[in-house]
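Worksheet: one structure, shown below.
Letters A, B and C mark the chains as written, and numbering starts fresh at 1 in each.
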Amino acid sequence: MIFAERMLKIDRRIIFLVIGLCTLLPLLYPVGLPIKISPEVRGVYDYIESLPEGSVFLLSLDFDPASKPELHPQSISLLRHAFRKNLRVVAMTLWVSGTGMADQVVTQVAREMGKENGKDYVFLGWSPGGTAVIMNMGQDLYGAFPADYNGKPTKGLPVLQGIANLRDVTYAVSLGAGNPGVEAWYVFGKDKYKFELGGGCTGVMAPGLYPLLRSGQINGLIGGLRGAAEYETLIGQKGKAIAGMDAQSATHLAIIVLVILCNLFYFSLRRQSAQ
Amino acid sequence: MPIETIIGAWVATGLTLFIFSFLYKDNPLFKLAENLYVGVSVGYTIVKTYDTVIVHLIWTPIVKNGEWALLIPVSIGMLMLTRYVPKAAWLSRYAFAFIVGVGSGLAIPRVISSYILKQIEDTVRPLLVMVPGEGLSFTWNLLNPASSLNTIIILIGVSSVLFYFFFSVEHTGLGKVVARTGILFLMIAFGAAFGYTVMARMSLLIGRLTDLIEFTDLSYGRPSLWLLGLTILTLVVMSRRASHKPEEE
Amino acid sequence: MIFLRRQVPLLITLITGLVFAAQYYIPHPASEQMLTSVTKWLQIIGGFALVLGVSSLFHVHAIKIRRKEAGWGYSFVLYVSMLGTIAVGLWSNGKEAVDGAMTSFGWIYNFMMVPLQGTMFAILAFFIASAAYRSFRARSREAAVLLIAAVIVMMGRVPLGEYLIPLSGDLSQWILNVLNASVRRAILIGVSLGTVALSIKIIFGMERSYLGGGKE
């Protein structure tokens, strides 16, 4: 009895240590278990795979540095895939603190794939207003973003040729960490302007987006680091997401063991106090 | 490796470890990093807002392109700022009235269309599927979310949860059975949400530790290892000093 | 005076609310042009709203420093870092990189803001583990159901779990796509009905808390 009680009141710093080790050790000594692909992630991948060359792909990186570990790998994989398919990439962000990160990832992947700014892709940057930006882009893209992030006027850019507003976008994917995110892109974007929409999100947001996935309002969902790892597997380019999967497995197992132990101690304590 | 990257690696590692030191105990290192975080974030937001709003959305269109109509939102924005002047604070009501009125007006039909109509439409899908050549059929596959069996389960789930939240009617008799079903569905969904939250939080930690491991590399001068030692030393010294003070008193 | 202070704002809300709710259903070019202009205005107003949010922070910490309250040194750090970031940012013209080369503003962003914000949220991982151990007990039947669902999902969403127990992967997929989707759908419908009802109340002046500022 005393043992169970003592174990239930254990110093939380020991639990911190357990979690720290479960995260650190698999990162230093990876195993590399196979990753099964879920239909949600396949939905986004298959759709991009089916797009003809020159289609307009809008990627909205709606996250800040707090969600970088989950959504940054997703953005890298999506950009690599889009550039590989020679799509016209229009990138932007609705979150002010994510602007620097978004600019960096687009520039980095574009350079890696040999793409030219203004011709193959454009980074529009950030604009305040959240949902107002989406609606304004739906009405007139050049009104919402008169210039790209580097100050070049958007009217006349080869990559935006023939695009007046969101109705001319073939596929849009929003990588959202909260509001504004995937839901805002649907309610204020796809609902009226009828482009195809896919979503990527953090693990916290993912369960809440399943109704939209089931009703076909979004055609795919890349959820959290696991979703990013699945996408990396699909495009055949390993990145930080796959590298983090072993640590993810270890920490989940640790939490499950902790929860089971806590319940075992709790029930033994209850049984003994009933006696 | 350029010198600013090396210095940056040391600063980033130091700040990361200062925040991690909170796990041992709340201490001045953590408080320093915490306030630095708020200061830098707010400063960044201000710079970006100034650059985007004032330079690109207001100054350039009005002065260079002559879009004088944009003076209207500028004046509405200025009205909003009168909130801080006690005598004129009532003027800010006009600005808020405009913003809230437009926001509500824009949101109502869009929310009804996206979240209510479309969602109900997908819930009341036909239970029997017409397969060409075979007539009507009922699909049993649990793994396919669009199968007929799953459509029934979704229908039961949506209705029982909606009924559970309907508190104007007493949950007795048949109502109690429906409400209890609703609670069961809710608990499963919350369990799934908890599982995903755990996954998300662990991913964030994995991301930070990946960066720390990257900074143990010799090309940066191994900041992770040196600064880890320094942080542990500082924490030990601080806790020694804290335990000596009450002894003196 | 009351007319100007109370009735006119409510009138503005009523008119703008009705006009823009109706706009959705009127595809006439003039109505679309009105929507384009107003959404552009909202972007600019949104910028001013950010200023509003930030200035309250200025205010709180300025008072702390002036009164030399406990911990005012940290408020000082906050102020200095904020002003320093603004100075560097304006000097770099608000750009983090010019032609691929990182500016000092970009340095602050990459080596201070990103690690600070990332780590603040990363330590939550430790707290969720400790909280799960201390309070995630199957005290009742409902709690047990929650627990089992959580364990299945945690197991089924990692490669190790799918490797050890392949059924957990399929089961967690079913839980997410069918059970979880139905509950979230019900919550979405319910919350949206509430939002629409609140918006209608605001437009018709039955809900006035958003006005704030000044008497009445």
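Going forward, a residue touches a chain if its C-beta (ideal position, glycine included) is under 8 Å from a C-beta of that chain, and two chains touch if they have at least 3 such contacts.
This one's a predicted model, so the numbers in the text were calculated from it and none came from an experiment.
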Chain contact topology (line, ring, star, complete or other): complete
Chain whose mean Cα position lies farthest from chain B: A
Distance from chain C to chain A - Cα centre to Cα centre, in angstrom: 16
Separation of mean Cα positions, chain B and chain A [Å, integer]: 12
Inter-chain centre distance, chain B versus chain C - centres from mean C-alpha coordinates, in Å: 6
Interface hub residues of chain B, defined as touching at least two other chains: 23, 41, 44-45, 48-49, 52-53, 57, 106-107, 110-111, 115, 119, 122, 145, 154, 189, 192-193, 196-199, 201-202, 204-205, 207-208
Residue list for chain C, restricted to those that touch at least two other chains: 24, 40, 42-45, 47, 49-50, 109-110, 113-114, 117-118, 120-122, 125-126, 132, 147, 150-151, 154, 157-158, 173, 176-177, 180-181, 184-185, 188
Interface hub residues of chain A, defined as touching at least two other chains: 16, 19, 23, 66-69, 96-97, 99, 127-128, 135, 192, 207-208, 211, 214, 226, 248, 251-252, 255
Touching residues on chain C, where the partner in the complex is chain A: 24, 32, 35-36, 39-40, 42-47, 49-50, 95-97, 100, 106, 109-110, 113-114, 117-118, 120-122, 125-126, 129-130, 132-134, 136-138, 147, 150-151, 154-155, 157-163, 169, 173, 176-177, 180-181, 184-185, 188
Sites on chain A touched by chain C in the complex: 8, 10, 12, 15-16, 18-20, 23, 33-36, 38-39, 64-69, 96-97, 99-101, 103-104, 107, 111, 127-130, 132-133, 135-136, 139-140, 143-144, 150, 192, 207-208, 210-211, 213-214, 226, 245-246, 248-256, 258-263, 266-267
Chain C contact footprint on chain B (complex, rising order): 4, 7-9, 11-13, 15-16, 19-20, 22-23, 31-55, 57-58, 69-70, 72-74, 76-78, 80-81, 83-84, 89-90, 92-112, 115-116, 119-120, 122-123, 142-143, 145, 150, 153-159, 161-162, 165, 183-199, 201-202, 204-205, 207-208, 211
Interface residues, chain B side, partner chain A - complex: 23-24, 41, 44-45, 48-49, 52-53, 56-57, 60-61, 106-107, 110-111, 113-115, 118-119, 121-122, 145, 154, 189, 192-193, 196-210, 213
Residues of chain C touching chain B in the complex: 4-5, 8-10, 12-25, 37-38, 40-45, 47-52, 54-55, 57, 71, 74-75, 77-86, 89-90, 93-94, 102, 105, 107-126, 128, 132, 142-143, 145-154, 157-158, 170, 172-193, 195-196, 199-200, 202-203, 210-215
